[in-house]
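Quick one: the structure is below, and I'll ask about it shortly.
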């Protein structure tokens, strides 16, 4: 049958591959993928968009969906983990090893996904706060609309560094490099869940299973995600 | 590559369909509203004009959000449409048409109004005295004389409808083959780091736009009674 | 709430500054280009017109990306500006102006061209015979007669510049108090699920736009030689 | 046919006020209006054609009430069906001579084609010597060609009255004579009232069953 | 002053070809052109004013070469500085009577103010009896008022020649007489060549030092 999957923009490449393999596995299936920012996807679902599966980039959005009764809570689970990394231009003059290094005067600007709406920004702020760096670094931050904008700023040398997920760092590999990984108190986990109003709940369940299967996980790993 | 080429064509046709239908709607609505604003004097005319321009100032995503609220299944209108016709604007190409129409509407009605106002009203009077109905005067005198200005707006509106993605993405989603227009595909390719794909799509969109605009220029009815600068 | 109110006002003034300067630039450039396209016949004129319309069809984010490539520190132009003047468009309000100008440019030049083409060229000839220079004729005859159409485009362009956020965000970033315009603030509020904040900002933007557009209508020079429909 | 005119209208501009006050009641079929420039001749014809709404008064033509302020009647120009020649022609700039002349012959929302053929159109093209320029647009015409086109356009439909504002002003003496004869004949066939504004004494001689003088917005008694 | 005219120009429209071929060499200061409608009179004046570029020939006025195809000379209208009255007036619709008349008096990029005061403007407003309507826009004028405004606008600057296309066509007999006298005097003061197109034999009588007849695009020898 047909199944419509709303997935966070950061999952674009991985889910395109997964859907393709899924369809060769199950020739009767047809996967419609709908990508946007997690928040936009939630708004669409809340207003009755005919979606069967929701894969969010953060727990908060999925929590909100659950609170509004939009998803089947029993079917919710995490299907991937990610790591927070600091990236710099390949020709960067800096050799950052830890968050404290960002506190030099020479470091002028750092790209950060808008904490209010971009999950990666939220995790980065958490990490900087934990390291007691947050108010000090705050006015070096350039807020970005999404991960891609952060990547572009770093790649074009407009900022000295940027916070992204390890999976995002697989894009523009020739222009950026990972300086170091940032350890967090909590794990970064991607939740997936079937939608309550779905008319294709069987197909939805089968797709969610496939994402968590070995085949699905292999693809996710290829794009920089970790097994949950 | 093959896959990409296939994808392109559906997106191209979908974009043309969405922008084309939206433009048709705006020709009818925009020209009528422009004409009404130019001809009828009523209290609050300029305020109405300004209110109708507001879709321009709103970030399209926000506009898309409001449309979602208005047309979604939970809304009065959305529920009614769904219950009676089993139809919903959300995640359909018709939803994309609605979004594109609203975003492009001010571009059509405002130049149309200015063009109608620039007509020498004595010509419309001459037509009246000749016994031709107001309806016919509109098509036979006012419209041809305002043609240039109207076309400028319509072509701008078409280009905008073709390029719109903020509101469209919100209302219609981004489902390849169904609602993924060229500009959404571009946006998505950029997000996914597929820069060559994005550049190719930008090229395709630009070509589509150039072809449509150039052919529209050819379509224009013969130069409307104007001397060249020197004879 | 207090914080929000404070933020609003900087964003309001910044938005007005950006949209205002962008509109001034477009009045000069858009009207000149519109005039040149209307008056000079050269090969590829319609093609040039179409190419200049292309910023309309590109998703603003993509346009912003190209601007980043063009103006960024790694570009020839960006590097030159940085080395000689220590100035960069990126992350400055001037960058926002560039983005807003480019996005709104087609809205200004296209209606302007149509308005200039609609002028009865005999009037310009009459001015020539009276010994008035071509430069003065432009300001004393062509511009006043094309005024309505030009204003329609300029007001559309202003609204668009005020509402633009895709390209602006890319070039200027979103630094509160420095480059965070109203529409970027709206976008962020919506993204953050702060609906009341977003609604308030939308209201503020709409009011700003209404006030500016209505006052611009008042500014228009007296009705340009047109009879009311019935005397 | 009785023709009753009693209209008042005031125009105020910043420095200047112009008051029109025209009273006329006549059975004459051919009326010529003479008068100095700015006397109100054109405004009077406009009021009769329905292009200017007076402040007060009545306009009656035979049985028809064109305008009556007290009864609140103000027929639209379409309902009056008069032939009206604009002093400055008001030709449609996007239509050629043939289409301009045929304009009132076709109803519906489409203009006559550039090659529109019709016995009446051919007749007027010949009589007014416009055949050679039939395909030309107004801006490609000479002054006299424009005037003849406008006159043909006005006369072609079967009008209830002929209102002609200096119909021969742009024509040479020879053409004036030809067209005067043509108009003379037409009026006799149609038997409808004709009001003609002119500065040419010859026009007054041919058409002036009643000759009126206008001055400062009012008609003076016959000279 | 010698006036030499030798121009050729062909207009082709779909059904009709019109060829202008005008040859004139004269020392006369006052030239009246008569001729049937569509003969090419207005086109000839346009060529002299620099508003129409001939296909071939020369236009010489005294010492000045206005146009010479072989030498590649084609002065702009601004350089010729002739007074030209358009047959259909071509008044600026956005300027009032006063501003229209003063238009050529001010250089620079701003139009004269609506209240622009200048002895020359006052003079012509009085002479042409336009004082009362000085603040009105063209669409608020009568036909004759428009024509007088256009004539005043043309005459006010010190021109090198007077090119007048039916200057009195819309005026009543009395005004014609007044303005004819005025023009007569002006020409005598300025001592510049004057070409006047008219259909009125009285004009020919007053101004016709040399009377030319035009037919089918060519000038016939003096009648």
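A, B, C, D and E label the chains in the order they appear, each numbered from 1.
By our rule, a residue touches a chain if its C-beta (ideal position, glycine included) is under 8 Å from a C-beta of that chain, and two chains touch if they have at least 3 such contacts.
All values reported here derive from a predicted model rather than from experimental measurement.
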Worksheet item: What chain lies farthest away from subunit B once each centre is taken as the mean of the Cα atoms?
Response: E
Discussion item. From the C-alpha centres, identify the chain that is farthest from subunit C.
Written reply: D
Worksheet item: By number of C-beta pairs in contact, which two chains lead?
Response: B-C
Discussion item. I'd like to verify one number: the distance from the centre of subunit C to the centre of subunit D, where each centre is the average of its C-alpha atoms, in whole angstrom.
Written reply: 49
Practice prompt. Report the inter-chain centroid distance for subunit A and subunit B in whole angstrom, where each centroid is the mean of the CA atoms.
Written response: 35
Fill in: Centre distance in Å when subunit C and subunit E are each reduced to the mean of their C-alpha atoms
44
Fill in: Junction residues of subunit E, two or more chains touched
51, 88
Fill in: subunit C: positions in contact with at least two other chains
61, 65, 122, 125, 187, 190, 224, 226-227
Worksheet entry | In subunit A, residues with contacts to at least two other chains | 40
Worksheet item: Contact residues on subunit C for subunit B in the complex?
Response: 39, 46-47, 49-51, 53-54, 56-59, 61-62, 65, 106-107, 110-111, 113-115, 117-118, 120-122, 124-125, 148-149, 151-153, 155-156, 159-160, 162-163, 165-166, 183, 186-187, 190, 198, 202, 205-206, 209-210, 213-214, 217, 224, 226-229
Worksheet, complete the sentence: Within the complex, subunit B is touched by subunit A residues 4, 6, 9, 12-13, 16, 32-36, 40, 43-44, 46-51, 146, 148, 151, 170-172
Response to the item:
As the complex stands, subunit E meets subunit C at residues 49-51, 76-78, 80-82, 84, 86, 88, 90-94, 103-104, 107-111, 137-139, 153-154, 157
Worksheet entry | Touch list for subunit B against partner subunit D, complex | 122-123, 125-133, 135-136, 138-141, 144-145, 221-222, 224-227
Worksheet item: How about subunit D: which of its residues touch subunit E in the complex?
Response: 11, 13-16, 34-39, 41-42, 87-88, 132-136, 140-146, 148, 165-166, 169-176, 199, 201
